[in-house]
Amino acid sequence: MATIRTESDTKHTATVRLNVGGTIFQTTWATLKGVKGSRLCDLDTTSAEWRPEQDEYFFDRDPAVFTYILAFWRTGELHLPGYLCASAIQRELQYWGVSETLVWDCCWKHLYKEGQLQRMKRELREVFADHCPSYYEALRARFRGRRMEAVRWTLWTTLEKPDYSSASRMWFTLYISLVVLSTASLFLQTLPSLRTPIPRQLLMDSGIYDNGTGDCFFPLVSRRMRLSSPKLILLMTTRPQAWLMYVAVVCLVVFTADFVLRLAVTRDRREFCRQWLNWVDVLVMLAEWLGFISTFNCTDHTALGRIGELCRLLSYFRFFRFYRLFWKSDELRLLKLCLKNCQRELVMLIFLAVAASAGFAILVYVMEIGEPLSFQDLPLAMWWAIITLTSVGYGDVTPSSYQGRFVSGMCAISGMLLVALPVAVIATNFGEYHALYREMLALMQRQTADLNRLGTKQERKFKLGGIFVKNKVASLKKW
Amino acid sequence: MATIRTESDTKHTATVRLNVGGTIFQTTWATLKGVKGSRLCDLDTTSAEWRPEQDEYFFDRDPAVFTYILAFWRTGELHLPGYLCASAIQRELQYWGVSETLVWDCCWKHLYKEGQLQRMKRELREVFADHCPSYYEALRARFRGRRMEAVRWTLWTTLEKPDYSSASRMWFTLYISLVVLSTASLFLQTLPSLRTPIPRQLLMDSGIYDNGTGDCFFPLVSRRMRLSSPKLILLMTTRPQAWLMYVAVVCLVVFTADFVLRLAVTRDRREFCRQWLNWVDVLVMLAEWLGFISTFNCTDHTALGRIGELCRLLSYFRFFRFYRLFWKSDELRLLKLCLKNCQRELVMLIFLAVAASAGFAILVYVMEIGEPLSFQDLPLAMWWAIITLTSVGYGDVTPSSYQGRFVSGMCAISGMLLVALPVAVIATNFGEYHALYREMLALMQRQTADLNRLGTKQERKFKLGGIFVKNKVASLKKW
Amino acid sequence: MATIRTESDTKHTATVRLNVGGTIFQTTWATLKGVKGSRLCDLDTTSAEWRPEQDEYFFDRDPAVFTYILAFWRTGELHLPGYLCASAIQRELQYWGVSETLVWDCCWKHLYKEGQLQRMKRELREVFADHCPSYYEALRARFRGRRMEAVRWTLWTTLEKPDYSSASRMWFTLYISLVVLSTASLFLQTLPSLRTPIPRQLLMDSGIYDNGTGDCFFPLVSRRMRLSSPKLILLMTTRPQAWLMYVAVVCLVVFTADFVLRLAVTRDRREFCRQWLNWVDVLVMLAEWLGFISTFNCTDHTALGRIGELCRLLSYFRFFRFYRLFWKSDELRLLKLCLKNCQRELVMLIFLAVAASAGFAILVYVMEIGEPLSFQDLPLAMWWAIITLTSVGYGDVTPSSYQGRFVSGMCAISGMLLVALPVAVIATNFGEYHALYREMLALMQRQTADLNRLGTKQERKFKLGGIFVKNKVASLKKW
Amino acid sequence: MATIRTESDTKHTATVRLNVGGTIFQTTWATLKGVKGSRLCDLDTTSAEWRPEQDEYFFDRDPAVFTYILAFWRTGELHLPGYLCASAIQRELQYWGVSETLVWDCCWKHLYKEGQLQRMKRELREVFADHCPSYYEALRARFRGRRMEAVRWTLWTTLEKPDYSSASRMWFTLYISLVVLSTASLFLQTLPSLRTPIPRQLLMDSGIYDNGTGDCFFPLVSRRMRLSSPKLILLMTTRPQAWLMYVAVVCLVVFTADFVLRLAVTRDRREFCRQWLNWVDVLVMLAEWLGFISTFNCTDHTALGRIGELCRLLSYFRFFRFYRLFWKSDELRLLKLCLKNCQRELVMLIFLAVAASAGFAILVYVMEIGEPLSFQDLPLAMWWAIITLTSVGYGDVTPSSYQGRFVSGMCAISGMLLVALPVAVIATNFGEYHALYREMLALMQRQTADLNRLGTKQERKFKLGGIFVKNKVASLKKW
């Protein structure tokens, strides 16, 4: 019948009726044939969709999206409605055989944003994989068949997965408390009032103190370096009070035990080695042990003694153990994810800060070349520029001529802008991740609750609002 | 007839017509039966919706949402339109027997946001309950049957509800003025020029001043502590000028009267005790009274005198009476609500500040170990790091080596980021509460105006735009 | 026929067909009658909308909005679509006789936002009234019938309306240049190197300098005040170099002429008096004149000489003439409008700053009570707190004990929050006004272009896209 | 037939049926004729759209937009749906003969925003033209027909287009490394420890050092200026260590070669001259060469020697070579584009900063007039005000009276606002450009991938989702 129409080819008889899910669309054959290919161009009376008694083609699809697809045939431009989520639109485009590439530039934003959201959700799912109910089941499976399977599993989760059980939560709290204690002892042992002097004779024996000149020395491999900094002299000629040492030793013993146990029960040695936090652990641990040994044994400046000095310095980085909080705190993990995503902006921030500060440093140095007291050299001017750009403004270096002050004012105002722009982009990005994280957390909690309420697979069939949809339940199970 | 169709099972006869509120939807029986359960699966000629003469099923529902629900049957994915508010969609989902759980992840955002908005509105309604016209009626009811009901009610509202009447507004203004006066007198009495010396003989008698050595002492329980701080010596050997004391005493008398009256007329003693602001009131009041007594009576260092010293210090916290402004200022209440909601972000902010400053402190201490004058110990370095991270930059502690300055620049730039990110999240949250608060305030004002215009229940029936809807009027009455 | 249906009262015959603009809606009489009043409840065969041959009621209205209105009959909840602008919806609600009050809370946001936008647009139209093409015509009308109408109009617009003509633009540029010059001369004349000493004898004669003691005095009414500040001595014993004075005098003459002329040609004296900027002009002008007279005549300390001193100080505020830029700069006018709108937030910002700084001041004062050098009194501590909260951090007052530093760190972090929250709200508000301003400016430019293109009223009838709409053209003419 | 209807003029027969793409719209002839002109007013039975058998007018257009256009006939107000992108709406408005000018003010926002987006996209396309696949082809064409075409092209792209080939990427990396090296050598050569003294005799010969008085002099044209600044004395009496000089010379040689080559192979000398970066290159290059020559030849203070001093100062601006990074970094180009777009806001920021600081300077100067040590003159007070407003707060100038501190606190709080508002607008603008840039980059990458996948024009016909649309493919080829 469509062919008969095409023969006669009068304008109104060339009309074609499309029944899409009950809604009638009418257009001309000319419109439909104007664009080659796709599902709509090949329609004729032999099509499966042809319904002769109504003289129409019936498609069991959503009419709301089809309007926009038909408008593409009519006008050659493919626009999308803003209220429908992009994945629903993509599904319809696929059905009607229209390539996504044909979407007009102004509407491509919808598809792009959906893609971005998908990417961000994927990243969040990866980072917060442990919030998924089936996460621990999957991990548990990898322990099967090992010796002392249950013990290893219990120990491993207790030591490495702070959210797994109440035991692991307690252990994690204890661990962090010990890190705080150990860091606090480190901070306190630099206070002169909490240090006791090492006996003068011991110092003279080890070559640190020279009785004749009253100078202090740092024992190097073959010669001695005279110390001029009172801080170094204090560190070399005194030792922390005993109770501070005991606190540090107790903490260290626990940390060592923790590390050894974790290494022993790990499911995969290679993975264990790949975590840089473990290497930090090893280094700081070794440094601390060597430091302790040398502290109680500093009478000679043998190799051990000299390494001991270095180790005591290295052991200051015991603070890095704090970063294990990134295992647990969702906010910190979000921060890490966001910064990883904003690398380009971070590089821009640092580049802008460095380039602008170098420029302002040279400007102010030239401007203040005649001033006797300020900006002795260019690196100092750059230090001043950085501190001004970030609006910290210590005031240890300030311009003293009016031309220098003019440059300084410009620097302060530029600082507001140059720093604010990348920070605003990063903050926006963080805000997006944060909002999405909250949304996904709520979704996951609701899904877990739903799954628990539904019970077994058999029961779900009748409970899930009367409808059982396979792939939806599958998505409920994974995060 | 549907069964006859199923028998023949030719494609086009299997079509089913759904008339939803006048709009015709057509689909196949195969599509409808593909998903079990729900209102649409059980349709047959015995259904109440069956209309044989049109050969269709008639539902008296909104066709706009039904499109998306039918699309779920067609494609197995439940997407929602973005332009309709979630509660309207939820109502339709319920009618058609489709569980909310089945909504696809990309569209779940709508439901989530609606839930968040509902939660925020609930919180705002709770916090600003006193803006509701019926708030005071409900409170009034709880005073019924007490002795001197009217007097108590009048006094209570005047003293505790600054928005109730013009009397209470006046009292609140007076109260806040007195707090300002009392705080101002506190600030002024620390100025040396507004203090008069206590006679030397009195000081010697009370053991504060030792004529022989010229030292000042703080009288402790069994011995005397020599004072080295000029501030403490000033506070011990002088007293504020008389007029400052009179101002403070007058304020205190009023505050005491206010407290006693409020305690006397309170509707519920237990609730009164639960408010921490009342405890602050008691403590500060006691401290002030004891302080005054000991000031005019400082000739001996008996127990009272010594407690007096402590009390005078405690009485400095009279400033906390300012926080009664939280009773009245909507902006402050919003701030409190927002901070309560952003506890996780606040913890993150403080943790980041502390952790980053500890890290930078250790780094800079190690870098500047050879410098004689800067960063004497680690706590000092941490103080420096906090002041740099928040971009305050006092400049009392600054690095003096180039490696230290490099760390310092990194610290200043990180500070921008680490502090900006949580603050941005909190500021966004505050902005949302603020916008919602303004919206709800406008809604409430309009609703109150509507109610007043409508008059009695009988009159409303004919006036409310010609339509009287019961539950809407109910919602008008409550906030 | 509707009545016949109601008699039979079988379910499907009770259906009613509503043809709204060609789209068919079907519902039951029960649904329609369930809600009393309004256009839909009173339908029967006598209605004008009744079309017997189709057995339906025909309304010539938009079907898109009617869906939501009918949904209200069906469910008792009135929700609105988010994609349609609120004023279009309000028009439809009015037609169907549904009160706006019945809109559900969740959808009331649309109406509220539209109301806000309307208010903001009204404010912007008022503030930027002079951008409207007919603005000057309206002003011109008010000058009609005065003596020397044309001269007054030309002078008035030249002096007071910087955007009116090229003459007024030139005058405004000149005026602002003179303000810059006059302010620059003020700044320069405080530099010691640009001042010449007044002859010693003159100073002695006027009693400013006492030869015996070498002291300087400020001449008061009946006695002399000895000056201790070197700045005051400099100001009293020297005068600016002659060329600086000449510059200032020339500027002053121009400003005086401008003021006198503006006063002479003003269209309305009362309006002229109501502008505070004119009063500032008068005051500064008088102060400058008196200052000059006394400068060239300072040999005696008569009343004039003494007033002269005061006047020279007052004349420093000549800088306020800058604020005439608010007449011209759209950005500054936007800023003024935004700040006027954010008064509550500004009060909150200042209150938070003051309250928090008072609290931290007391805390740090108590903490540092034993330190000899820092925080001598509470007002000083409050100064420190303000400077820390705003993250300025001069460093002139810093804590020196660790408990004080802890409070200080808390103060710095709170500062970030307490200041950031109101500032963020104000910045958002400013951003909204700014975006709306840009949008309206573009609209106005396009409308002016349209009007010009259309020519006379007669021509418009055929040109305006083939359609002539009366009220639209009216809106084109006004801003 | 329409005329017959108009004759009878009974209400329901005056109804007109419009079939727009299959959807039926009904309205009265009175409504249609009420607005003159346009496609709908001229309908009668002679229209091409008239279909007698259905008694309707058929238009092969999108019914979704037509609803809003018909609502304009019905109510006289033209509102637009928010969910459809403005360009699609504009197309329909054009078809129906409705002028855009008639769009109601509340809906004009959509059209405005689309216009803004189009402008921003155009700007981005211009700035990032080199991301387009056909960019280099177009450039290549302009080299055709020159001598040594291939060599010139290869050299030119290698030197000027860092993204073209791996050779140009390597060269660019090398160039930037050398800039870093050269800048580092500049910074280092100002350190006293890296400078060697010039032999005393040489200094005496050249008149820089006077043996008798021990003073240093700067050789001017006819006389000598005595140097008082130790920085200048250092620069005059020492020279950088040899290795620093060698580094600088090597860098300079490379930069010179680069410049000469670029000048030689440039496709268009005039364009080369128009780039200000090339002029910076020339100036800095000349300054460096002259500086070097004079450094190795400073025994006399001939003209060359004296120019040499100036040149050495000028050569400090070699740092500007860094700005070639703007060629490559997309983020920097975005920043430039954004700042160019926000000129009005930048002017506002600077004006606000200057005006507010001048105002606060005068205020604080008057307040602190009696203080001996602070705010010696007004320019110093203005310097303080700028540093306080930007919250830098060096602390080198601080108020010392309480009235001055009050002004200072106000200044600090105003600073937060006055600076935050324009910065927020600029940051928002930057964020928009940044988001749009990311979106367009993703679009371009997808389009390039699509084009590559499609192969030749012939193949595209069958591959592009079955549909070949000419203008879309055209848009794929250009950026």
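All chains are identified by letter, namely A, B, C and D, in their written order; residue positions are counted from 1 within each chain.
Note that in this section a residue touches a chain if its C-beta (ideal position, glycine included) is under 8 Å from a C-beta of that chain, and two chains touch if they have at least 3 such contacts.
Source: prediction; values computed, not measured.
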item: Chain copies touching (chain B, chain C) - same or different residues, decided at half shared; value: different
item: Angular offset of chain C relative to chain D [C-alpha, multiple of 5 degrees]; value: 90
item: Approximate Å spacing (C-alpha centroids) for the pair chain A, chain B; value: 29
item: Mean-CA-position distance for chain D and chain B (Å); value: 42
item: Interface hub residues of chain C, defined as touching at least two other chains; value: 23, 82-83, 379, 391-395, 428
item: Residue numbers on chain A that touch chain B, as the complex places them; value: 19, 21-23, 48, 51, 53, 58, 60-64, 82-88, 91, 114, 117, 121, 183, 186-188, 190-192, 228-232, 235, 313, 316-317, 319-320, 322, 325, 329, 331-332, 335, 338-339, 349-350, 353, 379, 383, 386-387, 390-396, 419, 423, 426-428, 430-431, 434, 439, 442-443, 446-447, 450, 461-462, 464-469, 471-472, 475-476
item: Chain D-touching residues of chain A, taken from the complex the two chains share; value: 11-12, 15, 17-18, 23-28, 31, 35-38, 41, 67-68, 70-71, 74-77, 79-83, 97-102, 104-109, 112, 115, 344-345, 347-348, 351-352, 355, 358-359, 361-362, 365-366, 369-372, 375-379, 382, 388, 391-395, 398, 402, 405, 408-409, 412-413, 415-417, 420-422, 424-425, 428
item: Residue ranges of chain B in contact with chain D within the complex; value: 82-83, 391-395
